[in-house]
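Each structure below is given as structure tokens.
Below, chain A partners chain B and then partners chain C, in two separate complexes.
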Partner chain A sequence: MYSEQNVDIIPEKWYNIVPDLPEPLPPPRDHDPENSSIDLLNRILPKEVLRQEFTSSRYEQIPQEVIEQYMQIGRPTPLIRAKNLEKFLKFNGKIFFKYEGATVTGSHKINTALPQAYYAANEGVQEVVTETGAGQWGTATALAATLNGIKSTVFMVKVSYEQKPLRKKIMNLYGAQVYASPSNMTDFGKKILAKDPDHPGTLGIAISEAVQYSLDHDMRYLLGSVENCVITHQTVIGQETVKQLETIGEKADTLIGCVGGGSNFSGFTFPFIKTDAEMIATAASEVPKFSRGKYAYDMIDTAGILPELKMFSLGADFVPKSIYAGGLRYHGAAPALSLLIRKGRIKTDEVGESQSLEAFKIFSKTQGIVPAPESSHAIATAINYCRNPANQGKTVVINVSGHGLLDLSFVRD
Partner chain B sequence: MYSEQNVDIIPEKWYNIVPDLPEPLPPPRDHDPENSSIDLLNRILPKEVLRQEFTSSRYEQIPQEVIEQYMQIGRPTPLIRAKNLEKFLKFNGKIFFKYEGATVTGSHKINTALPQAYYAANEGVQEVVTETGAGQWGTATALAATLNGIKSTVFMVKVSYEQKPLRKKIMNLYGAQVYASPSNMTDFGKKILAKDPDHPGTLGIAISEAVQYSLDHDMRYLLGSVENCVITHQTVIGQETVKQLETIGEKADTLIGCVGGGSNFSGFTFPFIKTDAEMIATAASEVPKFSRGKYAYDMIDTAGILPELKMFSLGADFVPKSIYAGGLRYHGAAPALSLLIRKGRIKTDEVGESQSLEAFKIFSKTQGIVPAPESSHAIATAINYCRNPANQGKTVVINVSGHGLLDLSFVRD
Partner chain C sequence: MPYPDRETFQSFLDDLLGMRFDYLEIGIPTEKPYYDGPVIRRTHRKAMEGFSFQYLKEVVNISVSRGKKNYALVYYNHFHESVDEFLDNIRDSGLDGAIVPDLLTDYYDEREYLSEQFRKRKISLIPFFTSSTPDRVIIEMLDLTDGWIYHGLQPSTGIRVPVSIDKMVARIRSLCGNREIIFGFGINSAETISDLKRYGADGIAVGSSLVPYIESNDHKGFSSEVRMLQGGVYD
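Then we have the complex of A and B:
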């Protein structure tokens, strides 16, 4: 979005961490060997996306068209010194935040939606389909499709569809067709509605509907998180941060972000993997995937349509408490991130809803930016970190993955 | 908000157009010579604000503390080339927009709220008070007060208070006390409620309540638009735009903005006054102050508490149709702007709600940014302008004064 003098902050390549991991990344595997879900990917993903998912080369050239699109949607996003928060915390180090909420869709999700939609359009696909829980991913997909001249369909978890009418509106504005899931648009949805017409929906069901719908209509399916290529795309966040810190002569001691599926955190931190920066991944206490999850192969979606991945997981049938930070309710975490946590390179934290709400309020009042409830978890970790006398003097960088302007009902009256 | 390499885009001085006007600016005058409203200003405005209101020096130094605050709230705001909109319009010139929606409060209003709150705090004032219609000004005042360590009270027109609960929420988040006006907090409000307990409120009533409340409690009152010092503060917009265009080697042929009281438009265009750039001020057709208003002394507020100004006005008792762009419903326009329109230096346009909604949709879908309904009027003028073959090849700069994320109900389902 920023003035043209900043364009050189946007990287020319995405960074794929796979060759730099301390051991080989465990590959995806079929849930049911009789019925290959890996083959299924061939039918539902754009070819180039599939190739990137399985590559082990360190860099992928970002197409010039995608760089242009990155500029139009607000890249590079700003790196801001949170001086008011420092003052509030009486912290004598420095707090910076990378503000992904400055993209036009209000979160980091657009970083991967754009290339995926671009590749789909480039391969002659007319329409893409995906699911969305809280709405951020659906919003990003809708805009990415429009900017690449193709159509989009979004299956939105019914309870969110009803609670967040503004989200549906913005997706419609961007030209997407939005269905509440479970819906009558797929056999899977119809079956569920037959049993329970008032079923509130889950992300697992919405994924199954989106995949089914893309197969039925020969569309392509866009991936919102967890998968490796998504994380590769999200490294624009961390690579920009590296350059921005260099430009102002600063060095990060600590990087903090929140984890749902892991895409914003991984995209933010992986470009720093060869530095000695401390990295802390914050999950929601209500979704304690790090403290109580198992590191093992598990299903990505509830129905087991997509291939299994080795990751920290609470089990694909884990039903989280209804917390406001919908983006953190996912049961697993991206394989590369899980591996690095397992190996001790990345530390973890878990923050509860009331503490994240407190961080949300402090950040709003000191910096004026209303952060996404998800990002508020990372801010909570950072606040605790900076209040610890042992961390005085450090340079802390938080990834604020999105704004919370459409989530103001997080605060009760 | 932007990376520290951009800081030099923020000007060091505000620009006051008064000495550069083609003839002297007609001064404020008392509505009732028996009861001086000019004296009243001495009691309700911070001293420094009052001095700036009546100065005729060309520049005012921006205090270093305010520059710091400008950086924290998102200045410099980006100047963005609207390539997708150009493509959509098949326009072979260039369209840029200055995006004031990128400030943390989502509009340009914070540009003057900050210095006013700063001066108040500096003079020992503990609390400031103001009114708000659509909510943008109240939001800016609330944050400005918080950042300067003082309290704030906002009288919000009751119909908006009820229609826009998110606006109240964000003001509360920033620490403001918000009352629906007419309220029981002032004698004036009580009188109105006694006659009609369901009175929906008007901006005029809310101003009267805010002024009364500031007098009753020895607080200071903050000015949101129209007054000259407000416009002087808003010249950060245009001065940044001048530098940003220089940086990328561009020259503006045409500047377009929307006009409520005139502060965003004047702040954007006045720093270009000595160039040959064409300037077009867009009002709402439903508030046809330029085509049907009179250029004459008129009251600023409905009750006539504040001094009269010479301006284009539909009359202080003008009751506009209920249009969604609440910020454009004001009956008058800032004196310096009115004078320049009168003299022919600045052209005008008037755009109706349906056309602005169309522009809102086009801009959302092409650029991904949901503009404020007010700003959508300027975009509508720009779209018409760029569709006119006579204007092919020109470089057009639009001021997008705010985002519309809290105004999505502008679009019906």
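Then we have the complex of A and C:
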């Protein structure tokens, strides 16, 4: 996994899909007509991150320092043929999985945390702030900050904070300050607590708190998903997969991944956009953004500080059930992904908690890897897909976005 | 136009018409100028009070008599329910064409229809592109239109996020060949303008940076701002 032999699989450039979309990506819009929230991004994001958000370039050079950091955290990640799962499903095609759980923080999130923290540090920023749902993004931010010599603060959705104490410990170990959100650290958090002291928190609220905190303290905010530049960074996943498949002479018929904000799925599939591979995006049934969401402009954060984006969304004040796949609880999905779903290029699926738990168990038992609850949704879609006789013989690639070793509390003995 | 009122607007137009430029871009005020920043949004609301097509025609006549070409900037959300009537009015006002900034993002499926409506009336649909317009869409729009191209430097007017001007100009130039490309949205410094020019822009459009002078009725400031910006163009 940490061998130096395969480092040339790490791409030299990130891929930005925008120039290759079938239609223009609807631009961000201001929520409040009196103010420019796009302008406000100048005070929230590192400059280079903001530049990449709106770039017209198809490729962005990955700084050599970031490539070094990618190697340190376990890139390239392995592409593994899931032979035991094939046998278990009596599937006569091939199942591969790209394993992002092999990074040191245990998920794909580190792929964008590193460059964002690197750019922030480069621009003289002392401290970065973010939110986290399941804890994966907060963990990635905490490590990326410390590797780049800066501090970090993380607002963690309260239910996860309570359910996943180990996540908090790891973040602390990496030097992060962690608060349960809604918190008393921001005006927005205070307002919500005043109304409901036991509010379980949502990702939308935590984002609002993190953004407000960064403005209040002149820090910079790191983007965990949804925004275009995050997806651009995450294309290291798909680009590596393209090369790995090439090396073994395979061609993907079907790509499957899970969707919270859409970053692991998009980063995995977009480098295949010019092929004829079928693509299936899996959301949680409890957060039915594809079947019940509206494709319209909506807020990214509950407070409406950030610009609105056109995306599939259940509404920024949507409070999902507290399913264990915290990373899938977000109300929207990245604009480029939403557009491609709208155009029919990418298909969707929604998988409920019990079905994903079943997939989680099958995958653990057959492959020995304990997948993240989020990734288990993609595995559930893949299992159904491979059980369908019409799909026999195909080559299916699943993105297993993270491991679930720190999420085991939900498994009943 | 007319912002903040007809009289003030016309006095600044007089200043402007005495200076060196080729195209006059006239904003048709509307309720939902989504891709404008706060400054221009403010002007839309106020200008709606004084706008009429009759007045537009008067303004265009004056400008034509001073040798300028004239283009409307108008949102499709403002006229998509009355395309025939609206475009007849645009043509009858003596305008040479119009820029429709929300066509490709919000009414993509109507691009062929709308360009046909322009063509029929012998007015130019000026294609409006930004860094998020896909290559394929640009190539197709070039086929559907003639005349010059408007490229947004920024995601909306009057704001500034960091951009790589060299890459942006190179990309649009490689797709547009010899067509005239004019950059607008958020341009307020002679330095940006000379960068744009150096990398191959044919022209620039300014708006937001002039508004404060109109608001404070500062003719001297207005003229020197225009001259300052022209320093970047004609240096």
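Note that in this section the second predicted complex is superposed on the first by the 407 of 413 C-alpha atoms of A that agree within 3 Å, B and C clash if a C-alpha of one lies under 4 Å from a C-alpha of the other, contacts with A are read in each partner's own complex, and residues count from 1 in each chain.
By definition in this document, contacts are C-beta pairs under 8 Å (C-beta built on N, C-alpha and C of every residue); 3 or more make two chains touch, one makes a residue touch a chain.
Being a predicted model, the structure only gives us computed values, none of them experimental.
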item: Partner chain(s) touched by A:159 [first = chain B, second = chain C, both, neither]; value: neither
item: Which of chain B and chain C A:35 touches, first, second, both or neither; value: second
item: First (chain B), second (chain C), both or neither touched by A:79; value: first
item: Touched partner set for A:277, first chain B, second chain C, both or neither; value: neither
item: Which of chain B and chain C A:193 touches, first, second, both or neither; value: neither
item: Touch count on chain A, higher of chain B and chain C; value: B
item: Which superposed partner A:296 touches (first chain B, second chain C, both, neither); value: neither
item: Common interface positions of chain A, toward chain B and toward chain C; value: none
item: Residue numbers on chain B that touch chain A, as the complex places them; value: 1-6, 9, 68, 72-73, 76, 78-81, 83-84, 99, 102, 104-106, 110, 143, 146-147, 166, 169-170, 172-175, 244, 247-248, 361, 364-365, 367-370, 405-406, 408-409, 411, 413
item: For the chain A and chain C complex, residues of the former touching the latter; value: 18-30, 33-36, 38-39, 41-42, 47-48, 50-51, 53-57
item: Residues on chain C engaged by chain A in the complex (per definition of touch); value: 34-35, 37-38, 41, 104-106, 108, 130-137, 154-156, 158-164, 167-168, 171-172
